[in-house]
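Look for subunit A in each of the two complexes below; its partner is subunit B in the first and subunit C in the second.
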Partner chain A sequence: MKNKQSSVDDFLDLSSLLTGFDKVDLQGTGLAEIYRKEVLGIIGAQITTEIEKAGTAIYRKYRNREKLMEEAVRTEILSHAVLGPLAKNITSMWYLGVWNQMPQAWLDHVGIKQTAPSHVISADAYKESLVWRVVGSHPPGAKQPGYGTWSLPPKTR
Partner chain B sequence: MKEDNYDVVIVGAGIAGAILAKELTEKKKRVLLLEAGKASDDYLSYLEVFYTALAKVPNSPYPNNPNAPSQNVLNLGPIPAGAPNLNGYMVQYGPVPFGSDYTRVSGGTTMHWLGHSFRMLPNDFKLHSKYGHGVDWPISYDDLKPFYEKSEWEIGVSADVEDQIYPGMGNNFFGKNYYYPMKSLPASYLDQKVAGGINGMKVKLGKNAYPLSVITTPQGRNSTPNKGYKPIGASWDNNIGQRCEGNSNCVPICPVQAKYNALKTLNKADQKYLTVINQAVASNLIIDPETNRIKGVTYKQYQSAQSSDHTSHTVQGKIFVIAAHAVETAKLLLASSAANSSDLVGRCLMDHPTMLTWGLMPEDIGSYRGPGATSHIPTFRDGAFRKEHSAFIVPVDNWGWLWGEFSPGSDVTRAINQLNLFGKKLRGYLDGFVSRQFGLQFEFEQLPQHANRVTIDPNYLDQLGNYRPVVHYDISDYTRAAMEAAKGVSDMIFAKLGVEDYTELQPRRYRLSPMERGQAIHSRAQGIWSALIAWERTNQIRSLTKTRNHGITKTCTSSDRAACRLLELPILR
Partner chain C sequence: MINRLASIRPGIKNIDDLRAHLQIAIELEHSTIPPYLCALYSIPDGMNVQAAQVIRSVVMEEMLHLTLAANILNAIGGSPDLDNPDFIPGYPTRLPDSSAHFKVHLERFSKRAIKTFMKLERPAKAGAMPEADNYQTIGQFYAAIEKGLKEICRHNRHFNRDRSIQVKPEHYYGGGGGVIVVDDLDSAMEAIKVIVAQGEGLDHTLFDGDRKIFGENREFAHYYRFNEIRRERFYSDHDSVKSNPSGAPLTVDWDQVYPMKINPRAADYPEGSELRRKSDEFNVGYTTLLKNLHDTFNGRPDWMMKSVGDMYKLKYLAVELMRVPCNDKGETAGPAFEYQKAE
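After this line comes the complex of A and B, so read on.
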């Protein structure tokens, strides 16, 4: 059942814009729902819904039109006092599997008194952190590519 | 005292203790092994802890145990004059922070060592007569050679003898028919690029020019076995880890135990003759005043790391082996007023001071793949320059800027927060930037300096009431001069390879800020994985057989009244 207000699918739309990965890749990590819950738990439903709505609107309107999309993300999300820092944190969460504590100025601005400190979200979050895919490697200690693979040329990506 | 009277009581279940336990029980000696830390019987739980650790430093997978504390590199920091840094387990007086850590858990620091297994060179043993620095050893390379062979076969070192060409190695460095137990691990793609670029290049140091070479690094990591050797896999399932699987995570933890750790040796001991007591911290050696021999060890046994509740016990034995790591061994001897009429116990503390240089290669070199380093430059391990400054070895880093810049985590954070990148441009930027990251490590010899020492102070105790190590440590001008020379070498190598230099040779950021910790997806801080290379002379207590945390052991008795120097080999990283 799809919740019209906000859903994992909206979160994936937003995440696809921010990470530069297709939704199918993000879905394949198995972490979309977990990450969304993390954001909801730390930031609350109101701002989370707001950023998801902004993201999904841009995604639907401009997907495959890279330039317009970038423009819209910068205008409506990244330069937005509330949504901008959160968007950066969501991007970083996908790339590193780490939730960074929100900056104090932002917390003051939105009126959050106590917040989660920086932490690795889970072992799976570490293993699925996107940075390793981007650079053609694997998370150290997981998804090992096999004996001697390091001696071969890096794969084209 | 307990009824039990063991043939040999060993303190410390690291590599030295494990090898002794194995060899002695094979000879049907009744051995008691006391380990301060916890048993490593749930290795996979270490891995889970590692995955979720924010700062993936060498000790991050292993239990934080206030009853047998370990130094954590995150506690390093600048030391104000006159006041020690008390943040970590070590009480650091400096002036330079001692940057290495060790692990107090069964298996010891081999749990997080990198696995590099170098032999020392013949001239290392006669530094004073040859180059006018340091001291000559009372033994030579040839004396140690058979023990190197033995420990390489125990550890399971992968290397090809014909590749191993070092300066000043002489004609018979390896025995005539000697071969390593396993073939060399393949050199990384980036090693090949570096070797292709700089092999044979001449670099001037002082009056002489030295031709560079890049060769594969002998390492305790499973590859293809040679005749007569069977690789040993994971301690929980021998079918796992029969070969390195390219986890790129030797430090802090190999997920499949393709890398050697002392648990493998411990498992080979004849369990009929071996008693192991974990969570038993040796706190005092009992010395018979008449014979001047050790007759017992007192240890404190605890049930839980969370509580300081413990019971004290004493065990007896014929021979006692203190194999508790260079720092812990010195601490125990000092706490027991043992073996120290020379005032040399704990002195001449050594590390391997490291300088990193890093930059961007002109093309994708496939960084962050494979074991930490698969090749090194041996050129500066020996030569006439040792009259002016210390020798150094140069591992070619497979892990990019991980150590220097906490990359790629810090690159991601910078790209998002400072460069304001997102989406496909963020991907493109990271791809182009991270996969070209290249780094060299310069690791320097330290000479024995009396003032560099481990000592104890009743004002500084851990929660069980045992001494914390109090450390005084500095880096001499002889070693500092080598760092300057090495930066020159790095500059020339970077120029030849077309590397864009990003090195910032500033005092290290010893302590990670909370933000940096967030970025430190897989960080190594300063000097982290090394064990110590300490050098002591002790000759008073006849029954004291003392070893270090490595494959080589040497027995020291008072029958030889001349100073008996105990050596730690091969260099453990």
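After this line comes the complex of A and C, so read on.
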């Protein structure tokens, strides 16, 4: 693995793997840099870079080979004692706009003494959460869908 | 668009000429909407709030004008045609100015964009009538429609009085003024008056006539509203059409804007790429909106609700595109407004 500084692009590779959304859709939320900064601030550069490197390697190696990619994410990231819990947190951050406090056992394991409590990351994080797209809805109170559109039949694929 | 305006012979001699003019009126009103929306959507939420409000107020009125022109055309037995590749001008497009033709781009909010918008909305000289060979200004064009309506539809001739095909106030919300149901010459003239007064100013004053017509608080005609952004200052009570605004400051931060590349196109990105997919998604959504509006103006006015839902979706999609870097100049993608049917 190359020892270069990781970047937002690496974070996007990782995020695309974890969320199942295309990078272009994640960029479209305008949150990639904000989320990356959040992770860096809470977890620190060392583990953040480690998970980004792992993600970007899998992303590049198995792009368009979904099954192999999924397997690699499971074995190399999700099952990893250090990276696994963090990956789950990054996934829920994209879907819910929320940072969940890391479990005490994990913090002890990696040696982080103080950590951020659970919180909503920003007003935009709520608006652009992926969960709204998945359920085919909109964030109540933001991104209005147009008066009366609730009476239209739901979109079917 | 100038091609379309130039393609029509000035002068309205019969009902077919009048209908053809109204179809072009619909196309003209539409052609300004994508450029205005690009400028508006390139302003991130919460930034340049005053400027965004001004642009939004103008674009809402263009949508009202489009609807009013369609209502008039429907009232005299025409069929508005919006579901058609030629309906979209293709950007950059050329539009007429009182002296010369000029290009209109799809571009982000900037001083240059606002200057172009002012050219688009520049009022015609009082009493300007069509030239012999073609229309020089949008003002002349509407003057011809007014004259044509008065002559061809005298004593309410040609009005079908079918209110069921008219877009009515209950279908239309969100500002820009009220929709006028057109079923006779008086209501048709009223609708034309709104289009001209909001765009160019009523009786060559700063004001757009909304107070006179809709009983709203006074509002300036489009040209002057854009001039407020350009000069970063509001008009005061003492200002006239001849002066620049001298009232309270209107704060503009020209750098608070998504760096959208000029005149984005789906073909800018290789087929199969993620950006191409997203750009296509916008184009297909936009084409679907035109189809739904077409149906709205052809017997299904209740579909306006669906169309408004489409408009919101397109807005969110446009903003997403404007956040995606697309080249090494630090620019981002943007909505292309191209005619593209779903596969």
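The criterion applied here is as follows: the second predicted complex is superposed on the first by the 151 of 157 C-alpha atoms of A that agree within 3 Å, B and C clash if a C-alpha of one lies under 4 Å from a C-alpha of the other, contacts with A are read in each partner's own complex, and residues count from 1 in each chain.
Note that in this section a residue touches a chain if its C-beta (ideal position, glycine included) is under 8 Å from a C-beta of that chain, and two chains touch if they have at least 3 such contacts.
Because the structure is predicted, anything quoted here is derived from the model rather than measured.
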What does the overlay on subunit A give for subunit B and subunit C, a clash or a fit? fit
Looking at the overlay, what does A:His109 touch: subunit B (first), subunit C (second), both, or neither? neither
Which superposed partner A:Gly136 touches (first subunit B, second subunit C, both, neither): first
Three-chain overlay, vertex subunit A: subunit B-subunit C angle, C-alpha, nearest 10 degrees: 70
First, second, both or neither for A:Lys23, with subunit B first and subunit C second: second
Look at A:Arg60 in the shared chain and tell me whether it touches subunit B only, subunit C only, both, or neither; answer first, second, both or neither. neither
Looking at the overlay, what does A:Gln144 touch: subunit B (first), subunit C (second), both, or neither? both
Could you tell me how near the closest CA atoms of subunit B and subunit C get once both structures are overlaid on the shared chain, in Å? 6
Once the two structures are fitted together, what part of subunit A is touched by subunit B and by subunit C alike? 144-149, 151-152
Across the complex, what residues on subunit A touch subunit C? 22-25, 27-30, 124, 143-149, 151-152
Subunit C contacts subunit A in the complex at 45, 173, 274-275, 277-278, 305-306, 308-309, 311-313, 316, 319-321, 323-325
Note which residues of subunit A are touching subunit B in the complex, please. 17-21, 66, 69-70, 73, 78, 87-88, 91-92, 95-98, 100-101, 117-120, 122-123, 126-127, 129, 131-132, 134-138, 140-142, 144-154, 157
Can you list the subunit B residues touching subunit A in their complex? 47-48, 50-54, 56, 185-189, 192, 223, 243-249, 253, 255-256, 364-371, 374, 398-399, 408-409, 411-413, 416-417, 420, 422-428, 430-431, 434-435, 514-515, 517-519, 521-522
